[in-house]
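Look for chain A in each of the two complexes below; its partner is chain B in the first and chain C in the second.
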Partner chain A sequence: MTPANDTIRFENVSKFYGEVLGVNRITLTLGPGITTLVGPNGSGKTTLMNLMTGLVQPSRGTISVLGLEPANATQFFCNVGYCAQFDSFPRGLTGFQFVLDGLMLFGMSDEDAHGLTAESLERVQLDAAAARRNIAGYSKGMRQKIRLAQAIAHHPRVLVLDEPLNGLDPMARAESLALFQELGRQGMHVVISSHILDEVDRISDRVVLITGGYLIAQGNIHEVRQEVRDKPMQVLVRCNSPELLASKMFAVNHCVEARLHTDGHGVFVRTADIDQFYRVLNEIAVEGLVKIEAVAPADDNANAIYQYLIGSDGSAA
Partner chain B sequence: MSVFLHEYQPYSGRTTALWSRPLVLARYGLQEAWSSKITIGLFVLSLLPCLVEMVMIYVADNPVARMLIVRGDSVLEINEKFFLSVLETQCWFALVLASWVAPRLLSFDLGDNALPILLSHPITRFGYLAGKFIAVFVMLSYVTWFPCLILFVYQSYASPQPWAMSHLGVAIGIFVGSIVWIVLLSLVGLAVSSWVKWRVIATGAIFAVVFVPAGVGGIAMAILRTKWGLLLNVPVVMTELWMRLLGVPPFGNPRLWLPTGAIITVLIAAGLMCIAVLNARIRAREVVRG
Partner chain C sequence: MQQAFASLIGALRQQPWALWWIQFRRFARIEIRRNLFTKRAWWVYFLAFIPVVIILLHLLIDTHRGFNMSDDTQVLAGVVQLYYVRLGIFFGCLGIFSRLIRGEMIERSLHYYLLSPVRREVILLAKFFAGAVSAVVVFGSAMIIDFILMYVGYGAAGQDYMLHGPGLGQIEAYLLIVVLACLGYGSIFLLLSLMFRNPMPGAMLLLGWEAINPVMPSLLQKFSVASYLRHLMPVSVPAEGVFALLTVETEPVSAWVAVIGLLALITAVLVYSCIRMRRLEIRYTTD
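Up next is the complex of A and B:
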């Protein structure tokens, strides 16, 4: 069990903006590593992040981040770094000043602040010449980088990133993802909201699915998928005789679909009972009629979970 | 199952005192304010009357110059009335400067939606506003009590008779009167700027907040036949306050003089209204109305 001072905890948290629901009855515990918030637009991801960073107060329930409450602003914000989704900055500052200004607000000495600013700019790979230019002249990707730099500059233990990959080109995106993974591996709590589900799959230790302000699921992607029992699981079996395997699979009740892979060297099997499926597959392998090369879940990813639990229209399925 | 190395080290160096953090925002606010050529122009313009007044003090205190220029006429007296007119001139220039500077400090942040980023630092809304307030306050100090007291010191130096000690009340009056005015102006400027995100409109709105109530008060006076409508007339209220602080004898219709208590109450009420507006408007997020 992870101790309270090493987790982000939401206990029955609701947030209403007047009569508009932000999030409702969220109970959540997030440990170190990368957590991705997934949900359609307006689902409450940003509200959840604002609650996490103390920018809005919950209407009901309690939030603690590493054992700290947002009311204790000094300690709280020293431990939390936030990268807002808004493409907005205080006017008239250069990139360097923007990060430096933030560090001074954290109470760092001039010397430390300069050192940490240079370090964070290096981490996000924003070169020194660009950092000395006014932010107003930055490209969208550079603005994302400078936002990320200010979020990590003070060495927070929790990093909250609202749509941090928007506007980044593929190279910059890959660099950012590598940075998030590195920070996550080092034991930082990295909370990301993203619509780019393929990348969510690659980097996330756990996902939090949210829609309409309600928590739909949370946990490791594979665990969540296994919990979605009403949707048959899809497995890709690579073998030398996919047609024969498909015919054998159709003979058992739990198999609802078998579809040949386009390359002709595998079959997608959709099964309502994964345990039974593996048992049957074992028997087929033992018989020796089909030489099985590889077995892998085909819908054990964020995209599939999103489709199953939230649906393409954004309403929870 | 992921493996976390737990090798990440948060910052553990020394930090500055919490109370000093708003000064960071004040510093950047001043930098932003001074980055405009119009600010510099207004600043220079607001100091020109001081140069004229300095020459007047020189002429008044120099027998030869006095003889040559005003031919010994006693019209040029350096007394409480002179410093009242100096203070009034500078304070109205301060209004012009405040209406230009305050929106630059606040409307930009609100218009650019920069508050979530700023308030996700260890600084409260109060700290944020304190930083902006200090920036406006310092700017307005440059054109109000600071030059006025320099003129007072110059008069004390240039006067052939001992002058300073017998007029110490004028210096205190200048200082207190300026502080009251610039605190009020700073609060009005920030409150209006927090309400009106468009800078140009915010500038106009600051003037409107100062002068429109005077018209409303005038109408109330005419209809209700009462002097209390004058309490909405900021120029009258402030002039009466400055007169009392500098020890200038009252003039005009005595029936229209306002009690000091009423003036102070109105100023406190105006300040509290501004604080209430700021409290409602300065948030990390827009309030969504159902």
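Up next is the complex of A and C:
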């Protein structure tokens, strides 16, 4: 059990914008590591993040982040960094000034603030020449990077990132994901909302699925997938004789679908009973008629879970 | 009672005042830079320095033929009371102070400050201070230049009037009026910008209220910036027609009562603004 001062807690939190529902009755506890918020547009992901950081206040319920509340701004924001989705900046600032101005409000010395600014710009890989230019002339990817630099500059323990991969090219995306992964490994709480599920899926320790303001599921991706019992699990088996394996699998009751891989070196099997499936697969392997090279779940990723629980393709959401 | 007071004092002492003070100064520095040295500030300079240009033309073209210092003193008093207090500082403060919070919401950049480790009250007060300093610097310097240009054409007599005569007291009074007008209007416009998406209708209502305030009952006159400032004018302005409404003193009060009354009004407005600031939510889509 993670102690309360090391978790992000939502207790029966609801937020209404007038008569419009933001989120409803959310009870959630997030520990250290990377958490991905998954849901379609307007599902309440940004509202959750804004609630977490005090930009909006709950209509009902309580929220605490590491045992702190946003009302206590001095302590709270020393521990929390938020890279919001709003693609706008105070006017007339260079990237360096933007990060530096934020750090100066922490009460640190000029020297420390300059040092941390340079460090955070280096971490997001924004070069010094670009940092000295006015933000108004930045590309979307650079604006995303400078926002990220500002959010991590003070070394927060909680980092909240609303669509942090938007506007980034594939190389910058990979660099950002590596950075999030490194921060998660260091014990930081990283909360990410993203539409690019395939990519965040690889680094997430847990997912929170939300739609229409309601929490649908939460937990480790594999655990959440196991919970979706009405959707047969799909497994990719790499072997030397996929046709033979497919025919053997069709002979058992729990196998509902077997589809050859396009490269001809594997078969996707859908099974209603994963334990039975592995038992049968073992037996086939022992028979020696089929040489099995690799077995991997094919649909216990965020995108598949999203499709099963929310009903559309996550990449298009 | 004594125990509660002691615990309150104890709690206040435990607050990080030193950090708040550093944050206040740094925040104010950022805001002053943005208020005074950006392109957006040009029209505030324009409002402040229109009379400077007119008085300069008066100095260069009229060369004081047919005028005397007494006339020009009356003119300067009229400029302060009818132009600066009623229009220049009013609209200048509207621009500066309503931009401090609402402008940032329109530009979608306010959240950066609300996500900083600075109490919202400190943010609001630092922004107010920065706005007040900016307005006072612009309008105060314009006022000093107006004053100098008005009398410099009279040579030694003008210099004597400014430095050793009643002029010194008058410029002190005018500067006090500028400071209080900036603080008074500034606090109200800051509050209006917290309350309404578009503070302009509220500002126009305030302009109308300030105009008709002298004919209001005594109690209602307490809720007006201009009514306090009228009591501080060192030179009364004889005005006729509709202008008389703007200069009439219906209930004379002493200068210190006017100053304290206005400061109390400003404090009350700022306290309420701090309460609104604490409840402020970032919802740019609806703003």
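Convention: the second predicted complex is superposed on the first by the 312 of 317 C-alpha atoms of A that agree within 3 Å, B and C clash if a C-alpha of one lies under 4 Å from a C-alpha of the other, contacts with A are read in each partner's own complex, and residues count from 1 in each chain.
Here, a residue touches a chain if its C-beta (ideal position, glycine included) is under 8 Å from a C-beta of that chain, and two chains touch if they have at least 3 such contacts.
Because the structure is a prediction, the values reported are computed rather than measured.
Colleague: Given the superposition on chain A, are chain B and chain C in a clash or a fit?
Modeller: Overlaying the two structures gives a clash between chain B and chain C.
Colleague: Does the superposition put A:171 against chain B (first), chain C (second), both, or neither?
Modeller: neither
Colleague: For A:128, select first, second, both or neither according to whether it touches chain B, chain C, the two together, or no partner.
Modeller: It touches nothing on chain B or chain C.
Colleague: For A:116, using the defined touch cut-off, is the partner it touches chain B, chain C, both, or neither? Pick first, second, both or neither.
Modeller: Only chain B; A:116 stays clear of chain C.
Colleague: In the superposed arrangement, does chain B or chain C reach more residues of chain A?
Modeller: The larger set of chain A residues in touch belongs to B.
Colleague: Just chain B (first), just chain C (second), both, or neither: which does A:294 touch?
Modeller: neither
Colleague: Tell me the contact category for A:82 with respect to chain B and chain C: first, second, both or neither.
Modeller: After superposing on A, A:82 lies in contact with both chain B and chain C.
Colleague: Quick check on the superposed pair: does A:183 touch chain B, chain C, both, or neither? Answer first, second, both or neither.
Modeller: It touches chain B, and chain C stays clear.
Colleague: Taking the superposition as given, does A:90 touch the first partner, chain B, the second, chain C, both, or neither?
Modeller: both
Colleague: When the two structures are overlaid on chain A, which partner does A:56 contact: first (chain B), second (chain C), both, or neither?
Modeller: Touch partners of A:56: chain B and chain C.
Colleague: Identify the overlap between the chain B-contacting and the chain C-contacting residues of chain A.
Modeller: Common interface on chain A, chain B vs chain C: 17, 50, 53-56, 73-78, 80, 82, 84, 86, 88-92, 101-102, 104-107, 150.
Colleague: Which part of chain A faces chain B closely enough to touch in the complex?
Modeller: Contacts found on chain A: 17-20, 32-33, 50, 53-56, 73-80, 82, 84, 86, 88-93, 97, 101-102, 104-109, 112, 116, 147, 150, 154-157, 183-188, 205.
Colleague: Where on chain B is chain A touching in the complex?
Modeller: 2-11, 13-18, 20-21, 24-25, 28, 31-32, 35, 108-109, 112-114, 116-124, 284-285, 287-290
Colleague: Show me the residue ranges of chain A that touch chain C in the complex, using the header's touch definition.
Modeller: It comes out as residues 17, 50, 53-57, 71, 73-78, 80, 82, 84, 86, 88-92, 101-102, 104-107, 150.
Colleague: Using the touch rule from the top, collect the residues of chain C that touch chain A in their complex.
Modeller: So the residues of chain C touching chain A come out as 16, 19-20, 22-23, 26-27, 30, 34, 38, 40, 104, 107-109, 111-112, 114-120, 278-279, 281-284, 286.
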